Amino acid sequence: MAVRTPDPDPEPDDDGLGGFGDGAPQPPAPDANPGWLSDVELEEARRHLPMLYVEAIPVRTDGSGQVSEIGILLRSTPLGEMTRTIVSGRVRFGETIRDALFRHVENDLGPMAFPLLPPQPLPFTVAEYFPIPGVSAYHDDRQHAVSLAFVVPVTGTCEPRQDALEVTWFSPEAAGSDAVWSEMEGGRGTLIRHALASLGLLR
Amino acid sequence: MAVRTPDPDPEPDDDGLGGFGDGAPQPPAPDANPGWLSDVELEEARRHLPMLYVEAIPVRTDGSGQVSEIGILLRSTPLGEMTRTIVSGRVRFGETIRDALFRHVENDLGPMAFPLLPPQPLPFTVAEYFPIPGVSAYHDDRQHAVSLAFVVPVTGTCEPRQDALEVTWFSPEAAGSDAVWSEMEGGRGTLIRHALASLGLLR
Amino acid sequence: MAVRTPDPDPEPDDDGLGGFGDGAPQPPAPDANPGWLSDVELEEARRHLPMLYVEAIPVRTDGSGQVSEIGILLRSTPLGEMTRTIVSGRVRFGETIRDALFRHVENDLGPMAFPLLPPQPLPFTVAEYFPIPGVSAYHDDRQHAVSLAFVVPVTGTCEPRQDALEVTWFSPEAAGSDAVWSEMEGGRGTLIRHALASLGLLR
Amino acid sequence: MAVRTPDPDPEPDDDGLGGFGDGAPQPPAPDANPGWLSDVELEEARRHLPMLYVEAIPVRTDGSGQVSEIGILLRSTPLGEMTRTIVSGRVRFGETIRDALFRHVENDLGPMAFPLLPPQPLPFTVAEYFPIPGVSAYHDDRQHAVSLAFVVPVTGTCEPRQDALEVTWFSPEAAGSDAVWSEMEGGRGTLIRHALASLGLLR
């Protein structure tokens, strides 16, 4: 069991589906929920159970609610490679999907993003990430993850929490292009296209 | 053909599914789209074609996007009876569904309602109104109407356009109750329950 | 008003969104619903009101319900050009959407197609066809049509009703390709991609 | 760690959300996936991670695809109490949602049920079961479970696998009644009503 020292993110390693941004194991915070797992335990669980995730594609809308821009995160992997991704993170024990979605949006886009979480609880798609590529359109080396994916309009300013991370805004057409598709990690280019279809914006 | 004199609502009688608020035929405005119909023509069309409608259930949400209140309109019919209904109106020739939805929300809730139209174009249900009761859960004496129904969060102040009209805010539980159900016109109590189900709020 | 003589298709011109297969006006059958319109009246209505359509994309599924093939219709236009399309037709006055869907699937795919209409009434998308190209992804020279589009598994043999018409079965990947997209009329290549997204099969 | 002896159901205790039908711990089969957990390990995981479930509501449809009957399972708990439930079970490590759904439908309804799994991967709702009642409409003493719930038409004969289990067919109206609602375990009466709403059958 990890030593308990203060940490701003009580349960480590619970966001970032896809294997980057994880670095060294982090100990849980002193006020951590006893239901949460240490890093070692979480790694163990990842080899035996499908992990539940939420993902969010930030968008900007015009006055009539129509989506005008799609936000995609740019990150540098531990190996220094640049990849594109979306807001993504694990649902904790005892946490509602809505709370998990809000937490990860705030964590990845900053406290000034002012997201408008959808009133409906149903995701636009359920993405199944498998450790072996090819089982589905999505893969994640580390784990079997099942992700409920949402489109989330943001009305404020996105300030990703680390220097290595920025939000790039694309037109719907550009977001669905082959160029963006090929830069996205774990098959999320497909997820973007599914989001565009749900928005009536896929051509 | 009706005489063309100025009128604030260019195509008469195009909102208000359900037979109230219609009064005497109104002539179209001089700047009316030539594609629009006069009152007489519209009445004729209603006996031969399914009419396309949009409907909106205004809601208030909390900071996490969860719906906290459901808005239901109170109206008095030409006979002086009070009934409950929702935002409802016809889609015009050449008009997008989104534009029709925005127009009817503004028309029924006033210019200060500040609605957040959903980014997705898919309604939560398609309600089929038939002139003969019992064919479906919905009926409308005047016509066969097919309505695309949406939940629309509003962030401002609703000021219905006529004295006879007000918006009452209900908790999700009250909005789905048998009491409210029985006061709603044309089967819209069922529509409210479908909306609550789509919001995960039906018990 | 057209002379009433026997005809196998009581209300003429009510299927085939897109301007082909229409030919000369056909009179209604003697047992036609008095609510239905003659050809001339229908043409008139098309210039003034949005017309309600249903569309169906026939698919074949494997034992686990996964879609393995997408059916696309091949037709020759009155000008002898070959185009690809899907099952499409108008909803009549007094007809439910489910009945309209069943009627047009049987009409376009033959009585031995044995379709499995979806238990849910909600379409995978609502396609808005405008007479002017560019307003949306879909257009139809003749009219403003709003179409509720469904995926319909078929379990039998499709025998399109005319020599000029055949059903070609594509893999999901091929159905979403640029090649098929560019051969489809009125923007329906986009509709196919939306269907693939709703099936989790778009890449 | 449990002794590994042959067993027809390799990973024990993976179906039956809600705490009945579990009995004594069962060892995994010799050919069990090494990714699967023993009973003890699974109990441990249940106290720390949200568990991913699928649920299915079996229905019968008429020739036009309209749902005519809703199937609800009757079970006797270990304490001899009769409760109503639906098809329910855990998604295993490495298993697709579709495969899990098929496996649990077959397991609960028998090999002659001939289910028609939906071509779309999106559930009609996502039900969140918490160990503490009141957090959501659903609860499960044993665990935090997140369930993707589907409507599954069956075309054959349902033969539940144990004497204590039978399928009762209800009309949509009866299935949504307060009487059935109050007999269902863990809040699944609400799930039935959500399914009815998605089918357009809730009144």
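By written order: A, B, C and D. Residues from 1 in each chain.
In this text, a residue touches a chain if its C-beta (ideal position, glycine included) is under 8 Å from a C-beta of that chain, and two chains touch if they have at least 3 such contacts.
Given the structure is predicted, the values throughout are model-derived calculations rather than measurements.
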Which contact partners do chain A and chain D have in common? B, C
When B-D and C-D are ranked by contacting C-beta pairs, first comes C-D
Whole-Å gap separating chain C and chain D, where each centre is the average of the chain's CA atoms: 37
Intercentroid distance (Cα basis), chain D paired with chain B, Å: 39
Two or more other chains touching the same residue: where does that happen in chain B? 121-122, 124-125, 198, 200
For the chain A and chain C complex, residues of the former touching the latter: 125, 137, 190, 193-194, 197-198, 200, 202-203
Quick one: which bits of chain A touch chain B in the complex? Just the residue numbers, please. 59, 61, 64-67, 98-99, 102, 116-122, 124, 151, 153, 198-200
Complex interface listing, chain A residues touching chain D: 35-37, 41, 45, 47-52, 91-97, 121-123, 125-126, 128, 130-131, 135-136, 144, 146, 148
